[in-house]
Every structure is written in structure tokens, then in C-alpha cells.
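Read from first to last, the chains carry the letters A, B, C, D, E and F; within each, the first residue is number 1.
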Amino acid sequence: MDKGITQYEAGESVDCFLMIRSAVKSTAVNGNPYLTLMLQDTSGEIEAKLWDAKDETVKMYAPQTIVKVAGEIQNYRGRMQLKLRQIRPASPQDGMDAGDFVETAPLSQEEMADIITQFIFEMKNPHIQRITRFLLKKYHHEFLEYPAATKNHHEFVSGLAYHVVSMLQLAKSIADLYPTLDRDLLYAGVILHDLGKVTELSGPIATTYTAEGNLIGHISIMVNEIGQTAKELGIEGEEVMVLQHIVLSHHGKAEWGSPKPPMIKEAEMLHYIDNLDAKMNMLDRALERTKPGEFTERIFPLDNRSFYKPHFSK
Amino acid sequence: MDKGITQYEAGESVDCFLMIRSAVKSTAVNGNPYLTLMLQDTSGEIEAKLWDAKDETVKMYAPQTIVKVAGEIQNYRGRMQLKLRQIRPASPQDGMDAGDFVETAPLSQEEMADIITQFIFEMKNPHIQRITRFLLKKYHHEFLEYPAATKNHHEFVSGLAYHVVSMLQLAKSIADLYPTLDRDLLYAGVILHDLGKVTELSGPIATTYTAEGNLIGHISIMVNEIGQTAKELGIEGEEVMVLQHIVLSHHGKAEWGSPKPPMIKEAEMLHYIDNLDAKMNMLDRALERTKPGEFTERIFPLDNRSFYKPHFSK
Amino acid sequence: MDKGITQYEAGESVDCFLMIRSAVKSTAVNGNPYLTLMLQDTSGEIEAKLWDAKDETVKMYAPQTIVKVAGEIQNYRGRMQLKLRQIRPASPQDGMDAGDFVETAPLSQEEMADIITQFIFEMKNPHIQRITRFLLKKYHHEFLEYPAATKNHHEFVSGLAYHVVSMLQLAKSIADLYPTLDRDLLYAGVILHDLGKVTELSGPIATTYTAEGNLIGHISIMVNEIGQTAKELGIEGEEVMVLQHIVLSHHGKAEWGSPKPPMIKEAEMLHYIDNLDAKMNMLDRALERTKPGEFTERIFPLDNRSFYKPHFSK
Amino acid sequence: MDKGITQYEAGESVDCFLMIRSAVKSTAVNGNPYLTLMLQDTSGEIEAKLWDAKDETVKMYAPQTIVKVAGEIQNYRGRMQLKLRQIRPASPQDGMDAGDFVETAPLSQEEMADIITQFIFEMKNPHIQRITRFLLKKYHHEFLEYPAATKNHHEFVSGLAYHVVSMLQLAKSIADLYPTLDRDLLYAGVILHDLGKVTELSGPIATTYTAEGNLIGHISIMVNEIGQTAKELGIEGEEVMVLQHIVLSHHGKAEWGSPKPPMIKEAEMLHYIDNLDAKMNMLDRALERTKPGEFTERIFPLDNRSFYKPHFSK
Amino acid sequence: MDKGITQYEAGESVDCFLMIRSAVKSTAVNGNPYLTLMLQDTSGEIEAKLWDAKDETVKMYAPQTIVKVAGEIQNYRGRMQLKLRQIRPASPQDGMDAGDFVETAPLSQEEMADIITQFIFEMKNPHIQRITRFLLKKYHHEFLEYPAATKNHHEFVSGLAYHVVSMLQLAKSIADLYPTLDRDLLYAGVILHDLGKVTELSGPIATTYTAEGNLIGHISIMVNEIGQTAKELGIEGEEVMVLQHIVLSHHGKAEWGSPKPPMIKEAEMLHYIDNLDAKMNMLDRALERTKPGEFTERIFPLDNRSFYKPHFSK
Amino acid sequence: MDKGITQYEAGESVDCFLMIRSAVKSTAVNGNPYLTLMLQDTSGEIEAKLWDAKDETVKMYAPQTIVKVAGEIQNYRGRMQLKLRQIRPASPQDGMDAGDFVETAPLSQEEMADIITQFIFEMKNPHIQRITRFLLKKYHHEFLEYPAATKNHHEFVSGLAYHVVSMLQLAKSIADLYPTLDRDLLYAGVILHDLGKVTELSGPIATTYTAEGNLIGHISIMVNEIGQTAKELGIEGEEVMVLQHIVLSHHGKAEWGSPKPPMIKEAEMLHYIDNLDAKMNMLDRALERTKPGEFTERIFPLDNRSFYKPHFSK
């Protein structure tokens, strides 16, 4: 795809394939039903109205359908919309593949699996190593596919694994500079800290929260998993409690969802590494869409701040 | 014991048996070592200084030793102290028993066990009943002996079980008035909510926090136990998640240590019942020591408030 | 009324009587005026647009008019709307009564008056009894008709008295379990705590705040009333101050509108009983409209939480 | 009194009359009782230990006794103490008067009464004028004698009236600059805002809180008084509610004890005038004791800040 | 202009000149572009839709164009709108002047400059006087033209100077009542405190924040200017640091943008004077538009409160 | 020095040289003056009482005097004290050097200067490079000697430079992993962010705050310096504003003393790098003094948390 759907300016014409992310039927003020479609490619998404919402239409344009569209880009209250002139579902002859419309991590699942395996391989503490390896293996498939969140940061296919890979590299650099850190604990904490999200979230695409995600949360889910894994593997010793604590405390404060704050040095560092990587990801994505000399949109999880891109920025 | 040690006024003479709760060696400004003893009976405790702290003295007056003391009560900066004239360890002939010096719940362990068993017996949902019964049985001994906390409320031997019994009776009254409540869930929540304290705390006397208590906390400990119990008993179904949620959320807010707030009606009610019983316990204990027309000491966990006892109070 | 207006699904046809709760004239984007009607029966309310807002139309469809409507239910941005096909005011022949369209407490005014009178009758402290009886008598009519609030909980005709009756029963159960509580104080506190709302609010239907309600508030209004009642009845003694304190402090914290926090045991309990009953009322109403396995809408006064209804709920 | 007791430096000798503000009996580490005396003159107070606390001694040196002392000033942990060499109660021949040892406002009671009377005389709204005059007359004696607080600001004899006089002059200046302000309301608000303190506080000397002060507070006390006064004088009309609101809201925020925030322009201004005058009083008192180029002690009610006195200050 | 555009009621006809404050092109739900105009005169502003947004139309109705309009006032969701019947740009023959459509301070620039010059002239400390005079001269033109803010208070042409003039008069009154205040410091603080706004804001009309305003802020900008001015004028001595502190701290608290809280008496007073004048300005403007017996709109910077205008208000 | 003064256990004898850090004269309860000495070597400090405080004694044992002491270590209320048996000032023959008793950074000033120079040398943006080099040169001497704070972290001689060196290495690692970061900005931010401390603090030893430190603060001091440097060097362009912003915002939030939050990506990262290095320093120092299986003392700037050292820690 030469030019992503989010790179068009108002007034330009569009003629391309897109995937339906969501489709909501509503009723206009005049009583007629219509469909609001969110259409996406790997560059992001755009809204379009379909002024017809008969039952067969609704069925034809269900989420995850690939469509051929033609129309014009318009600015509606500050956000871009696609005014549809034509729309049809892609046919097999169009040779389209869902994977081509979904944003995904810049590394392949294999590359990421290799990097993480290498980190586990280097662990010296057998208890920590065995628990980490067991849990990663148990959720291997989901871990490599899920996003790290429904929005805000790393909210793309394989975002969870990609976030972990970045954090591992950051953890390694920091452990090189501060040699009193226990590398095994730090790496295990990075790998396990968000693994409960494979239960908390519904899946890699059109991601929402499961009931268990809402009522228990990924932190407690993974703390439980560590306890059960240790039992299954017959592992006893302080490492179990320490790993549970590191996962439990990684949000840093009670108000942010950690029932205990970090009380082990590596837990405190994990909290920092997690934040630093998540924020770099959010900032890079927001600044990509901003011209030098201008401010980004407000970024909600960064205290709703706008960031400035200096004129002399590369 | 006719008159408790905390019921003496300044100036009165004392001649009685007490138990040493703690003994701390310090050095006076002039360089001489001495012992600060906390001496207790079932009415409470009093401080005394022992102006000698030779090694054999320190050994002789270790915590949990029963001693015969004589001396005078004095007011030191607003708190009562016992100025010792004589002290000696009790001998076997004195016929003293440690249990006579320790505050304990007003119901016997058997009475409390019977009441709780009856509540479990009445449960209709077999999953909830089996998990509750299993965990209570697993920690039966500790549950009936531990306090509910190291301080603030129900901080006496068997305080945990007594708190649960009061809460069950309150839960029953409330369920009678609001028939949409699920009694099984509510009773199970009451019985399990603080059971993790038998791991969080060190024991029934001179209670402190264990490392696991500090790093994981009684809430997460019990959530894990419920998960493992369900696995062991082969129980599947939403009841497991719901019970975990009820325990997880019973502190009511993230800031108070619950990683998720109550999101099930019975969880919200459990939080209220827990608070109401704990506060009645604190208020009754503080007001017992206060004369009509006066204010209690400040009560820290009640937002550091003082409470007034009206003249017309019974 | 067999099926309430809020029980229809999108797509269903409607043909029934409803009462106009409010009617607001607006101008569409194209410059034409129209009416937005809120139509209610005892099950709740629904919005409808009337594409005509001539002066005579506006007069004909004023609030509290009963109308006959026919049309179709539609989902507009997640909320149900009634698309009107026909509308006309009810005529005398239709035999409709305003009372049939207004939600009201599940007990009759007489039943509630009887219960409350019985509680006052049982009071032993004559000062407390006389002040309570005097004030209840003074506002007898309004007390039995007013809602407990303009929204959130017990926001229906006679909601105030119904809230008081529930709280009295809860207070009785709690006093049975904790015998140190002064029943007279607790019952008087329950009966008087929100009585100032008959001055704070405008009336039983289409309720808003009066200027005095905004500037002084129901708490201070009732504290003043207690003082003046005592003066009128020639009552002196600490009971007056204590009753004033209990009303003054029943919101629990300065931030929530109580200039003094509870500093008397019964005041602390009143705050709990008030909260517990209000929350049960909100939860029951929200869960009634929720299917097992789903979450309620967010409930603003419950910290904006959604509540889950387990599959195994009755 | 040439040189006040707080103006001595460590090492200087003292030989003068002082008044006992408080006397507390304690027991030293070695078991001997002693008295801690707070001794005052109009410049402030100093602590002294009396190494004898026999019953007759305690009686002889009760609070509000005037004593002749001789001794030396010493610095004890950063605060001045008086090391007593000699002490005796003043005899009638010494010709001492309690009033000479108590700090008092810089204006006489008569001067202050005259100024305030003049402000009331200038009021044009008869309702506001009559209520204000009635209440001032009712508490005339206490109003002119009480302090404005137990500590922090205007905590001296007649401090309440002096605070009101300063505020009235400030209110007049501000009303001259902002002519839309209603002078009658503003002046009445200034005069009545703290008048409830004559019930809240115990008296002009050694001031503490009364039970009514603790449980109801000066704000609600005065709101009630205004209501009863209006009733007694047969005054009806919005002025009553508005005066009540102005008193009710003068602490500015719920957290600071006002159940309603200011919602009338003059109420908002009263809050500012009150704060401004109180802070000037605190700052002047703290800076008087500070040398140019240095910082004051921390001032608790000013957010615990220290203030700098520039070298070029007058 | 006899009757301001904000003084019309819904239903009235309008035929007058207005100035375009802003013009935003949007797309209607049906895909057609249109212009949303904000039209202003000195009484305030009103919204109007122009159902045509061709390129030449957009150019013709750019911001700051004066237009002749005819149409009708309508109430759209509680706010007034102008439904245009006719619109055309004013021609030279119409003899309109942009200055006639812009709200401006009630004093002329010359009057304000004279008053401020007089205050500077009266300063006795030459360091303070020279720095203040230099900076005022440097930004003389902008200072007399800029608003004090983009919204909330004194958001009109010359609002900054008018705010300073009011504050100087208030400062003088207060210094008359509290003679320990250093007038030079207080006056210099008033004059300089917001002078950085001439760099922070974009200009007197259609005011926005500059990049420097966003990234550095008017407080730090002016602190820097004071430092550089002192260097340029060769002034040394504590006055420089003290002036910097007074400007630095005038928002009162870290949360409100002052990196240091006031720690000099005159700094504390400046904070109060600034607030008091800003709030009087906001209250007067809101109450002007409110009838006796009613509440104003919510005023966001006054904690979002509504204010009541008593019936007996002048 | 074989064994540091903080490494002794209670009961051990001491015979060594120490430096007096502070000496405070006080008066005992019995009226006798004495000296409280804080004595230090590079391992930390210990308190000792000198029961004699004649004028010549006080002069002889002034701060920064090196003394020979003999005595015994005692535990006084949980903290170690040195009970002196003998003390004398060191004589020239003892050959002691003040530098041997003061904690200092683990790298020499030359090593640190070299590392920082290399980072400046690598900068590509000439504006950023020149401003950074100029300011570092201007304060070269103080920068290499000052601590980074009076307490909490890097509170030793050369602590400021050592903190900067660690942060530079961390910044480099992070920039390697996140290539969109502007290295010049990040390095300049690290070097300049705390440089204002050489004006804020009094010096490298016995460090306190200067008046300018209290009233203006190191952040605003350095923002001003950057502005004046740019003027002196004739540098214009956005780099000046951006560097000022990065220093201005490095505390991260208004509540923490930054008048503007980070609004440039490198400013956000600087805040993280600063925190991470400061916390590692605090944690390492606290955990050094803690045995495996135990908790550290509470660390105030880490939210007053205690940290656990696992048994399996290296």
C-alpha cells in the first residue's frame, strides 16, 4: 500500500482497499438508519458513513470484511472522514489478505521469540528460569499475537511481545550500568509482568476486556499463575514470592492498580523500564504525525499533555 | 484478677502478677543501660523501667515471662507508668497461666467454629460451599487463634474468628432486609475475606507481619488460595472468579489495597459490613475508657477523630 | 400497563399512553424548530422528537400532559428513542390518571406513616421523642410525598419516606446486634437526617433545587429547625446539641458537605446506614435492567463503576 | 514592663514578675515529680521547670497566679527556657494586676465598639441592620473580650473584635474601589462571620473548645442564631437566607468547614477579606521576631512556609 | 451601537454590522461543506452557520472582516444562534471601524499609562524603580494593548493594563491599612507580575499562546527579563532577587504554576490582590447578565460555581 | 581507615580519629550545658555527648575539627551512639587530613571532567554545544565539588558531577535503543539540569540552602543563566528556548517544582533518567546496610518505603 489512509489531506480523492474495524448502526435525526464504519489499513483508521442500513447491507459490511472504496476525504469538526462514493466487499479475485490491513510489530514473531528465548537461556537461577520458561511456553501462541493494550501504547498485533523485547534490551543496558541489579529477576519480571493480558484481553484484533479481565485483572491473574506453576513444578523457595511481588507491584502505586508498591530493587526498576518504553512508544507515534514547529494532539495517558516538535528536529 | 492494670489512677499502689509483652534494653543519657518493660494483663498494658540491665537480668525478664510486681502508678507526660519497687519472675508455686494475661475473644473457639459451620451448612451453591469449607478446614487451627490485625481493631487472640462471626450475623440481618442479595456469596465472602491473614501475620501473640505479608499481602494470598483450591477440587465455573473478585475488592478502593474496586453487589456489601463491624469494635473499646461528657482519645483509623460520649449515655 | 416503555427492544412498535415529563423547544441545523419530549410511565422514560413546534403545539404538549402515542422504538447512539408516527393528548374519555405514570414507593403513605410512628412511639428519651415527633408532624405531608433526591437514588414519589423506613429497619437490626447503640438517637437521626429536603427541593415531581436549597442546604436547614423546635418546646439539655450534631455530620466528611465529621457513635452509624440503603437501592435498580453475564451501565454516584451480574444470579 | 520575657538572649539573668499560664505535673525518668510552668507577660511566654511538686507547691503555683521569679535564660534544643533560681507568688503589696500580663488588642474595647457601631449605623437595609445590631448586642460583652482563635492569628484578649475592626476598614476600602458591592451585606458579614466563636470557645484566657464548639462549630452556631433572631424580630425576606449563606460559606470550601461555598459576590469577598487580614496579622507577628536577611520560623497555617525579611526592609 | 448582539432574545430580528471573530469550515452529515462563523460586537459574540463554503466564500468571510447581517435569533440547545437571512462584507462606504467591534478597557491607554507612571514616580527605592521603569518602557506598546488572558478575566483589548491599574489602587488601599508593607515592592510586583504575557500571548485580538508561552510561560519569561535588565543597568543587590521572587511566586502554589510559593510578605499580598481583582472582574461580568433572584452560569475559574443575585440587589 | 565508624556493633570499643561534622550546645534537664557532637568518617556518622560545654571546650571542638576519640558503642533507642571515654583534638603530628574523613564520589574530578568533555565534544548542534560548554566552564570548579543535594541522594563531595556522569551513560544507552532521540539535547539537558545547584547550595561540605536557593531555586536560576549565556554568545534560535524548557521541566510536574511539565520528548526522558539514577543511588546505599532476608530502613524520598533484600541476593 503506497499511501496509508491516514496520510491523505482533506479534498483528496481515495480509491483503495480497506478493512472494516467496526460497524455501528444508528438512526439519523430524521429517523433513517445508517451505518458508521471505521475503516483501517496499517497506517491507522478513518470514519465513513454508509447511508443505507438494510439488514442485508449490515450483514455484508460486518467487522473484519475487506472492502474496495472510492470517495473523498473531508474534514469534519477537525477530524478526517471519508465521504463514500462507492463501496463493495473485496472478492477472492482481488487477492487481499486480512494481515495486510492490520498494524503489527516491526519484528516477526520468530525474531521476537528468539530474542526472548536467549534471555531466558542466560538466566542462572534455575527456579526463576524454570517458572519463566514454563509460563511463556504455556501461553506462547497468545503471547506472540496479543497487543499490549486496547489503546494508548503497543495497541497492535504482537504489541505485547514487542514491548517485552524492547524492555529486555533496556533492562540489559541498565543492568550493565548498575551491576548490583539481579539480571535474572529483572528479565523474568519483564517477561512475565504483562503476560496476564492474554487472559485479560479478548484477542489480538478488535480487542476488549474479558469479564475475568475486568473483575480480576492481569496483575492478579499472573500472580496466581506463578503460584500454580511453582506448585506444579515442585519449586519452593523465596524466588516464588519474589517473582509474585515483582509482577504484583509493577504498576508502582496502589492508585494505579498494584496492591503493594515495589519493595524490591528490581521491582522498582521494572516499573521504570515499563513506563519508559511505553512512553517512548506513545511519543514516537504522536510525533510522527506532527510537523516541526507544531504541537502533537493531547496524549491522554501522558497527563493529557501536548508535545512540541522543535524546528531543528531531525 | 479483680482490678485490671489499666484501671488504676496515678498515686495508687499496685501488687499483682503481670506478663511481659516486650522488653527493650536502652542506654540512659548518663550512659547506664536499663530495660523498658511493657507489662500486660487482660485489661491492657503499662510501661515500667527496670534500672538494671545486666545480661542475666535481661534473660530473666524476657517477653512472655510472668512476673510479680509491686510499685506505684505515676502519670508521665499524660500516660500512666508503673514505678517498680519490686519485681520477680513468677515461680511454679504461684500457679499462674499465660492464658490469664492475654486478651481474647468473648466467645470460645468452639462456639465460634459451630456458628461458622452452621452458616456454611446452609449454603445452597455447592461450588461456593466446597471451596469455603475446604479453605476453612485447611487453616482451621490458625483461623480460630489469630487476631484480625496487629492493632486498630480485633487485635486480640481469636479476634479474626470473632470478627467473622459478628460479620456473619450482620450479613444475615442485611440479607433478610434486602432479599436480592445472594446469601451464599455474601457468607463465603465474609468467611474468606481476611483468611489470608493467617499467612500475612506471624501468630496470635506479639503479632508482626511476615515477609510474605509485606510483599504479597493477605488479599492476594487468599485470591491465590481460592484458585488453587478450585483446581484441587476440580471446580470450574464462574463461582471461582466471583469469589476471587469478592476477596480481591473487599478493601473497596485501589488506594486502600484492592487492585479492583467492588464490581459485584455482594462485594460492595461485604466492604460495608467489614467496615461497620470494625468501626463498632474500635468505637466500643475507645468509649469504654471514656467518661460521659468527655471525648475519647483520637482514633487513628477513624480519620484520627475523637468521639464524644453524651452525658445521657447509658 | 402490561409492558413498560423501557422494556421494548429496538424495532418494536408501540401504541400506548405516556406522560410528558419535559418538553424542550430547539432549532435544527436547518433552522426549523422542533420539540424534544421526555415521555414516561412507571417503568422509566424515553425520548421522542416532535417535528413541529408551533406555538399551539408547544402549549398542547406541556409537561405533565398525558398523551396517546404510536410509533417505533429505535436505537440512537446506544440509547432507545421513540420515533413518533402519531401523537395526541389524552381526552377525559381515555380515563387516564397522572398517578398511573409516575413511579412511586412500593409502600403506601399510610403504611410508611404507621411504621415511622411506631418507631417514635418506642423512644424512651422524652426530649428526643418530642423533637422528632414535632418536626415530623410539621412537615408530615411533604415528608410522605417528596423524593429523597433529584436523581441517583430514591428519586421517585415518596422516596424520602421509603428511604427512611428502610433505614429504620436496618437501624433496628444493627442495634439488635450491637447493644451499646442508643436506639433513640439512631432512630431520631434516621427520621430527621434528610427532612430538610422538603425545603431544599421544589416538590415531588419534576424536582429541582430551591434557592434556599442551593445556598443553605438541607443539612443546615434541619439543624436550624431542631434548634428552633427545642426553643419552642422549651427543651434544654444535651439532646438538642447531639441531635443537631447527628444531622450535621451525616454526610461523613467535610468534602461531602458535613461541616463536622461524625463525633458520636450513633452519628457514625447513621452515615453507614444511609449509605448502605442508598447503594442497595441504586444497585438493585441498575441490575434489574442487566442480563446475567453482563455489566450494568456506569453508576455515577458509585464512583462511576459498572457492576457485573454473575450467570448464576437468581 | 521595660523588657519582655521573650526578648532575652540565652545567658542573660532575669528578675521580674510573670503570670503562670499553665502548670503541668510530671514524673522525671528517676521517678521524682516536678512542675512544668509556662510563664507569660505581654511579650509572650517561656517554659520553666520547678523541681518540686508537692501538693502544696502545686496548689500555690496554679494557672493565672502572678509570680516573682529570678533565674537565667538558657537555650534548650533551640528554644529558650528559664532556669529558675527563685520563685514566689506575688503578694498584694507587689501591686500587680493580671491584666498587665496578658496580651491584648492595640485598641480599647470602647474604641472598637464605637467603630463597629458606626458601621452598623451607616447600613441602609433595615433587615440587615436590625439582625446585626440585635446579635451584636446579645453577645456584646463576650464579643469585645474573646480572642479570634486559640492560636494562629488574633489569639489575644479582644482579638475577635480587633480582627472585625480591621476587616471592616478593609471592606470599606474595597467597596470604594468596586462600587457594585453591597456594603450592608459585606459589613454585616464581617461583623457576624466569627461571632459564633463566643459559644465555640471557652473564654478570653487559656482558651479551649467547648463541646458545642467541637460538635456544631461556630459557623453553624451563628447560622442558627441568625434564623432565631429573624424569627424573634419578625423579619422575613431574602436577607435572612442571604446573611445565613454569607456566614455559612465564609471558610470558602467544604474541606475548610463551609458546607456551601460562597455563591454570592459579597460572600466571596468576605472570604478574601478574612484571609487577608488573618495572614497580615500572622506575618507581622512572625516578622517582628526576625532579623533582616533571615527567615521566620515555619508558620503552620500559612502552609508551613518560612518567610524571608529582605535586608532592605524597614 | 444601540443594542448589543448578546442582548437579543430568541425570536427577535437582527439587522446590523458585526465583526467575524473566527470562521471554521466543516462538513455536514450529508457531506456538504459549510462555515461556522463567530460574530462579535463589544457586547460579546454569537454563532451563525453559513450554508455555503465555496473557496471564494471562505476567502470573503475571513476572521476580522466586518459584515452586514440580517436574520433571526434562535435558541439552539440553550445557547443563542443567529439564523442568517442575509450577509455581505461591509464596504468602505459603510464607514465601519474594526475598533468599534472589539471590547476594550473602560479607561483609555493614556489614562492608564499616566496612573502607572505616577505609581512608579512615587517609588523611593532606586533599584526597584529603575528596573520597573525600564521593563515597562521596553514593552510599553504591547503592555497597553494586550488582554490579561485569552479567557476567564480581563480578556479584552488593554485588559492587562486595566487589571494592573485596578490592582495598583487596591494595593495602595491595603498598604494604607497595613503600614508595614513595602509599597515599592508591592507596586513593582503589581506592574511586573503579568508583563511576561506580552511574550506568552500572540497579540491583542484573537489571542492564542505562542510556543514560548507554552514551553516557558509568562512567569519564567519575566523572571529572566528582570535578571537581564539588572545586568544591563548594572544593578546589584538583593532587590533583584526579591523582585524575581515576587514575580516567580505570584500564582501562590506549585500546582498553580509558581515554582516557589510566596516567601516574602509582599509576595503573599500580591497573590491576594491579583486574585481579588480577577474574581471581582469575573463576578461583575457574570452578574451583569443575570436577573435578580437567579443564578449566573457556572464560572469555570471560580471552581465552576454559579452565583446568586439576591432580589434586593441594586 | 580499616573499619568505618558505622560498622561497629553495640558493645565494641573504639579508638580512632574522626571529624566533627556539627556541634550543638544544649542544656540538660538538670540545668547543665553539654555538647552533642556528630562525628564522621567516610563510612558515615555517629552521635556522641560531651558532658562539658565551657566556652573553651566549645571553641576547641568546633565543626570540621579532627579529633582522636576512645569509647564504647551503645545502642540508644535503636540508633548507635559513641559513649566517649576520651577525646582530644588531633595535633599536626597525627598527620591527619580533612579529605580522609569526607565521603566523596568513586571517580576523581579529572576522570569525571574528561568523560563530560567527551560528551560535549560529540555534540553536532553548535548552539547547544556552545551554551553547554560555556556554562560548564563558568562553574567548572563548583560543579566538580558540589554534592547533588543536601540529603537523599548523591549527598557527598562531587556528588553532582558523579550524578551527571552516571546519567550521561544511561542517556547514551537509551539513545542507542531509541534512535529518534536527539542526543545533543539529551546530553545538554543532563549536564545543565542541576547546575543551578552551585548557586542554590552553600558549598560542598555542611551544605545548606542559600537565600537565593530558597527564594528562586536551582531550576529558575539555570533557566536565567541559559538566557544570559545565549545573549552573551549572540546565539539566537529555538535551541535557547528548548534548552530552557528542558531544564525548567525536569522535575516533571508542577507539584514537584517545574512550572511547566515536559512538553518535548527529550525533556520527558531527562526526567526519567534523573529519577532512575537517583533512585538506584538511594537503593544501593540503603541495601548495602541491610542483611539478606531483611528490610531496609524507610527511605523517605521513595515514598517512605522499606525495601526487602531477598535471601538469594548476591
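The criterion applied here is as follows: a contact is a pair of C-beta atoms (placed from the backbone, for glycine too) under 8 Å apart; a residue touches a chain by one contact, two chains touch by 3 or more.
What you are looking at is a predicted structure, and each value in this text was computed from that prediction instead of being measured.
Asks: Provide the labels of all chains in contact with chain C and in contact with chain F.
Replies: Looking at chain F and chain C together, the chains touching each of them are A, B, D, E.
Asks: For the pairs A-E and A-F, output the one whose chains share more C-beta pairs in contact.
Replies: A-F
Asks: Going by residue numbers, if over half of the contact pairs line up, that's a repeat, so tell me which of A-B, E-F or C-E repeats B-F.
Replies: Going through A-B, E-F or C-E one by one, only C-E repeats the B-F interface.
Asks: Copies chain C and chain E touch; is their interface built from the same residue numbers (over half shared) or different ones?
Replies: Result for this pair: different.
Asks: Quick check: how many Å separate the C-alpha centres of chain B and chain D?
Replies: 44
Asks: Counting only Cα atoms for the centres, state how far chain B is from chain C in Å.
Replies: Computed from C-alpha means, the inter-chain centre distance equals 40 Å.
Asks: For chain B, what residues touch not just one other chain but two or more?
Replies: Only 211, 214-215, 242, 245, 263-264, 295, 306, 308 qualify.
Asks: Can the chain contact pattern be summarised as a line, a ring, a star, a complete graph, or none of these (other)?
Replies: other
Asks: All pairs of touching chains, please: list them by chain label.
Replies: A-B, A-C, A-E, A-F, B-C, B-D, B-F, C-D, C-E, D-E, D-F, E-F
Asks: Where on chain E is chain C touching in the complex?
Replies: Listed in rising order, the residues of chain E that touch chain C are 28, 49, 74-77, 81, 83, 293, 295, 306, 308.
Asks: For a test of understanding, state which residues of chain A touch chain B in their complex under the given definition.
Replies: Chain A reaches chain B through residues 211-212, 214-217, 219-220, 223-224, 227-228, 231, 241-242, 244-245, 248, 254-260, 263-264.
Asks: Using the touch definition from the top, list the residues of chain D that touch chain B in their complex.
Replies: Touch list, chain D to chain B: 25-27, 29, 31, 33, 211, 214-215.
Asks: Which residues of chain A touch chain F once you look at their complex with the stated criterion?
Replies: 125, 166, 169-170, 173-174, 176-178, 180, 182, 237-239, 242, 245, 253, 261-265, 268-269, 272, 275-276, 279-280, 283-284, 287, 295, 302-303, 305-308, 310-314
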